[in-house]
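Each chain gets a letter, A, B, C and D, in the order it is written, and its residues are counted from 1.
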Amino acid sequence: MPAYLTRLPIDVSRLTALVTRSDRGGIASFIGLVRDHQDGRAVSRLEYSAYEPMAEAEADTIVREAEARWPVRVALQHRLGDLAVGEIAVAVVAGSAHRAQAFEACRYVIEEIKHRVPIWKKEFYADGDIVWVDPTAARCGSDRDLPAGSRVR
Amino acid sequence: MPAYLTRLPIDVSRLTALVTRSDRGGIASFIGLVRDHQDGRAVSRLEYSAYEPMAEAEADTIVREAEARWPVRVALQHRLGDLAVGEIAVAVVAGSAHRAQAFEACRYVIEEIKHRVPIWKKEFYADGDIVWVDPTAARCGSDRDLPAGSRVR
Amino acid sequence: MTVRVLLFATYAELAGRTSVEVSVQSPATVSDVLCSLRAVLPGAGGLPERPLVAVNQVHARLDSTVSDGDELAVLPPLAGG
Amino acid sequence: MTVRVLLFATYAELAGRTSVEVSVQSPATVSDVLCSLRAVLPGAGGLPERPLVAVNQVHARLDSTVSDGDELAVLPPLAGG
């Protein structure tokens, strides 16, 4: 199982090379970058942390799900630690003989990452404020449902 | 209007840089590579040609359509001339504040490129055979419909 | 009137050339130009009955009107990407 | 029986620690462990009533059964990607 989490800058061309083979003509990628604003406020940097063994296992499960569902090869890395604005937080690359399947697999993996992998993001605002990001806050307050698609023990 | 057609190798990181800005957190890309086989036969190289002024104009129209429909910035290049197996034939990169829109715009552009831009592909097979690729051949014989989505004079 | 016809890829190989001037009576449609093309250029007989065409670099229909000096491109099946 | 509870991110800050051993009577569910957790760790009172949890590194429900020696992680809203 490759390491899906890294504290070093993510090298997208290396990930692309991992899924490239001469019979895979279509490579779909998604790169998530640290934005300089959130809800109209200036962000100066952010910090990702994770429940690392579970995050590695869940990322591996998601990649395997995509590779089982479509004829694709997927490479994925998520950054941890301190990130500056403009740095790559996450990259997903899917290579396939067919472009539709490369797109679908790439999209699937990034959506599942966001909903199932135990990673947290602390935003440091330019005004000194520090916030743990809660993507569910606007939707349903403090009660959480189980992430969609999760396998439950 | 940038040059969408190029006879030089395509540099995806340069295209990515063109659509990256600190307020665009999501970058979706598609890279089309020359495959080593087609319908089970070994391909040794291929040659792209175009009706160049129309291809440039049509590519520009497609990019503008995507940028009008979604809040994205799109970069696109299509290679012409001789290509070896494994080389990049086409690259589309879409940057947006939101990943769904980056994916949709990227997918839109590559699909429209394939259906509307006057570019032709000659495949040179390992067995010496040479074929002009006809993506419509299996579907509807020699009669062609107008490309879907085309503006007609 | 005169229309300049451009041929590409496999159609250029079939016709043995990449462009030809075609004279047609005005008013004329794309179909009329293709009909004259087949008459003046024997190799053009191998073109499909209803090829994809562009007039002045914009996709057009077979019943689109053409004018003197227009550029009519006969496009083989598109294969970009 | 004893369950090891892990706390992360904002929950670790609320509780003032990242892990704690919690004793519960067998059989027990995730909810039972969370109830004991709130009793032994005052800062855990600030956790949501129905947090996201994982048992032995797999997402679990509040009514999932836990066993002696299990690792129960209380997960703040996921924010990867």
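Definition applied: contacts are C-beta pairs under 8 Å (C-beta built on N, C-alpha and C of every residue); 3 or more make two chains touch, one makes a residue touch a chain.
Quick caveat, the model's predicted, so the values are computed rather than measured.
**Q** Through how few touching steps can chain A be joined to chain C?
**A** Shortest path length, in steps: 2.
**Q** Whole-Å distance, chain B centre to chain C centre, using C-alpha means?
**A** Computed from C-alpha means, the inter-chain centre distance equals 25 Å.
**Q** Go ahead and note the Å separation of the Cα centroids belonging to chain C and chain D.
**A** 73
**Q** Just give me the whole-number Å value for how far the CA centre of chain A lies from that of chain B.
**A** Computed value for the inter-centroid distance: 26 Å.
**Q** Hunt down the residues of chain B that sit against at least two other chains at once, touch-wise.
**A** Only 32, 110 qualify.
**Q** Mark out which residues of chain C touch at least two other chains, giving numbers and ranges.
**A** In chain C, no residue touches two or more other chains.
**Q** So, with touch as defined above, which chain pairs make the list?
**A** All touching pairs, sorted by chain label, are A-B, A-D, B-C.
**Q** Looking at the complex, which residues from chain C come into contact with chain B?
**A** 6, 8-10, 13, 48-52, 54-61, 64, 73, 75-81
**Q** Over in the complex, which chain B residues touch chain C? Could you list them?
**A** Residue list for chain B touching chain C: 32, 48-51, 53-55, 57-58, 78, 89-90, 110, 113-122, 132-137, 142-144, 146-147, 150-153.
**Q** Within the complex, which stretch of chain A touches chain B?
**A** Residues 12-13, 16, 20, 22-37, 85-86, 97, 99, 102-103, 106-107, 110 of chain A touch chain B in their complex.
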